[in-house]
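Two complexes come next, and they have one chain in common, chain A, joined by chain B in the first and chain C in the second.
Our next item is the complex of A and B:
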């Protein structure tokens, strides 16, 4: 496939980007608002020599991801909050066993089955590991179709480089948005990585028996956890990603990811045109959280406003990052007919804070 | 260049198809485009609105928040939303075949066209959306007429070739009506 600009739903862009980056196996179970990913994969993967398989449940999906990863192949899945919850047993196993995969979470209103409308309710669950134990998954939060396409090679590399699940999260509104996106030409990024040290490749070419496990006893468990701790430290130090604009002389910095992050660009442009000193920080990695962006804030910043489609989740990480140096305000909501704040509401709240 | 559009009608009238034609045409002209739709349980006869933003620069917020400079109302039940959704200086395109008592536009322009009747004269009421799209192109210069005609040929050409001529005639009729 060559580079081309298409008009796609962002869920479809996610599928196209996976396939064009060399992901050949997709396991999934249908759920709104993520089903378009598996539908698109079913159509396009055979063109790349791959296949989409609909499994009987989310637990089966995540176990299939782990099984594929044991052979050194990168597989992906797509789901939404209620489905992701069911996958955490195998995702935790993959973190312990150091297996790569890519998971897409099109976030919707929770808790429980909740509502099919978009939300950012899964911030806690994706950035805190999700299951039991001391682990994290790398979490990427693109805010447009173009960013999904642009960041996918990096996502594949992260999964192999750290041998770990990589989660992509989009609020359901962004996931269902349809837009023009320039897709890259096909390139198998997984071919950059040598998996022969650890992957199961059958019985013939193995000098010794490979063991992939998530079970440890006593000293082994301690060493495994220390190894994970060291790995996560490397990731924290090297893999923070964010976008920022007009922060240098800002009095108020707005922090948001996903669709609200994207809206910040318009918000700052409008408010700057009125002489308001506003900037924004849009985290692209939710874990590792871009602490560096907030630690480097200039003295001019007197307030931070965090906007989310939930009741306040990322705001906790912003508060940890600024550690009391700057007051942090929050606005957010979830559920209802309009599960998000409008640009006008964001500007009104920002002006209120600036006027305090 | 930045246009915010809302295409509204009853489910089945083709407001979403109008939006899609604009999006595909915009890509042909090298523009950026984003479309969001009212999100819920869809059914024939229910209100349907597709929002489109067209720009020559990367698009920030994809949401049209009562600030459309181009609004289309194909049906009565959605007319009020469209009337409220037009930004000062914008243009509201109203299907007077169905909207019986259009409001008095203040601060924006209203183009009144009986596009359902025009469509019936052309052969079928189902091409009312394309008559209206032609009018939008003629009045606002959003995209070139030829670009959208090309999209129609590509979209209908393979599976429904007999619909190509009808839809292009509908586009041209709407285009001419406002020129």
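Our next item is the complex of A and C:
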């Protein structure tokens, strides 16, 4: 496939980006608002010599994904909140087993069955590991179709560099937005990495390899846990990503990811035109959280406003990052007929804080 | 000491003492699996996907690559593996708890997909590793740590007949239940296990063998008594038989 610009739903852009970056196998179970990824994968993967396999549940999806990942080949899945909950069994397994893969969560609203409305309600579950035991997954949160396409090579490289699942999260609003995106030419980024050192491909060229994640006692088990801790520390120190604008002299910094992060650009432009000293920080990695962006805030910043499509989840990480140095305010809305705050509401709240 | 690998081949690692309890049927089944792989000459491209429980130990005694899957999910792991690496031979090995309690859904859908995968289910009617609790295959009236007055079929159901559930699935090309209660039964079990691997080597479809074995520790029985139970009560209900054999087509690749 050559480079081309298409007018696509961002879920479809996600599928195209996966296939064009080397994903050969995709496992999934239908769920709104993520189904368009598996639908498009079913059509396009055979063109790349791969296959989309529909499984009977998300438990089976993530298990099959783990099985495919054992071969060293690049595989992916796509789902939404309730499906992601089931997938956490094997996502945690793959973190312990050090297996690379790509997971996509198109976030919807509410606990329980939830509803199909877009939201940012899975921030906690994706940034805190998600299952039992001490582990993290790398979480990337692009906010547009173009950013999905642009960041996918990096996502694949992170998965192989750290031999770990990489999660992409989009609020269902961003995921279902249709927009023009320039898709890259085909390039298998996983081919940059030598998997022959660890993949479970048979003993033809190596001594027996056994994938065991159920042994944390004794010295070797302790060392395995410590190795994971050290790996997460390296990721924390090296892989923080964010976008920021006009922070240098800002009195108020707005922090948001996904669709709200994208709205910050208009918000800051409008308020700057009115002489308001406002800047924004848009985290692109949710884990590792971009602490460095908040630690480097200038003295001019007197307040931070966090905007989310939930009841306040990322705001906790902002508070941890500034550690009491700056007051952190929160506004968030989820569910209902208009499941998020409007740009006008964000500006009104920012002006209220500036006027305090 | 005699060089055992000249007699048994390289697949079985005979340098290790197994961690199976004395009298456990797993040792026999593990050996039969190792011999089948050895005889078919596919050791270097065979992958074990083992379950959680005593069955999870099995790969330690074979010099092949192995994946210890999450509890019950071996069949789904195998499906993903086989899709990505169809040239390799993938088998799952687990007990009745892993295979037909927590993993029944994964098992049935993997079987119904009909991909060339081999599953060995070792049925001893009890959760062995956790200390003898009731499993889906626990016999009616059988006393376990969690069915202290015997399995009550009115609320706990009848013992699950797993291969019978797969009989109608066209994608299942070899389907059998065997036992290890006597040398004769073991010879038959060996033949079935070999066929179940051959079925995959020929690329025909899904193959499943349930093996009825004793668990003296979990059943709190003497070894001899546990084999008698295996030959009588267990195989009276779980009747050894070849349900389906469509392996005569195709050549061993």
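Note that the second predicted complex is superposed on the first by the 344 of 356 C-alpha atoms of A that agree within 3 Å, B and C clash if a C-alpha of one lies under 4 Å from a C-alpha of the other, contacts with A are read in each partner's own complex, and residues count from 1 in each chain.
The definition used in the following text is that a contact is a pair of C-beta atoms (placed from the backbone, for glycine too) under 8 Å apart; a residue touches a chain by one contact, two chains touch by 3 or more.
Keep in mind it's a predicted model, so treat the numbers as computed, not measured.
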*With the two structures laid over each other on chain A, which partner does A:90 touch: chain B (first), chain C (second), both, or neither?*
second
*Of the two partner chains, chain B (first) and chain C (second), which one does A:152 touch, if any: first, second, both, or neither?*
neither
*Could you tell me if A:262 is touching chain B, chain C, both of them or neither one (first, second, both, neither)?*
first
*Report for A:315: first if it touches chain B alone, second if chain C alone, otherwise both or neither.*
neither
*Per the overlay, which chain contacts more chain A residues, chain B or chain C?*
C
*asked:* For A:68 in the superposed arrangement: first (chain B), second (chain C), both or neither?
replied: second
*A:27 contacts which: chain B (first), chain C (second), both, neither?*
second
*Check chain A for residues that touch chain B in one structure and chain C in the other, and list them.*
none
*Could you please specify the touching residues of chain A with respect to chain C in the complex?*
24-25, 27, 51, 53, 55-57, 59-60, 63-71, 73, 75, 89-90, 93, 200-204, 207-214
*If you look only at chain C, which of its residues touch chain A in the complex?*
43-47, 49, 52, 56, 59-60, 63-70, 73, 76-85, 88, 105-106, 109
*Using the touch definition up top, name the residues of chain B that touch chain A in the complex.*
20, 23-24, 26-27, 31-37, 39, 58-63, 65
*If you look only at chain A, which of its residues touch chain B in the complex?*
5-7, 117-118, 144, 146, 173-174, 176-180, 259, 262-267, 269, 342-344
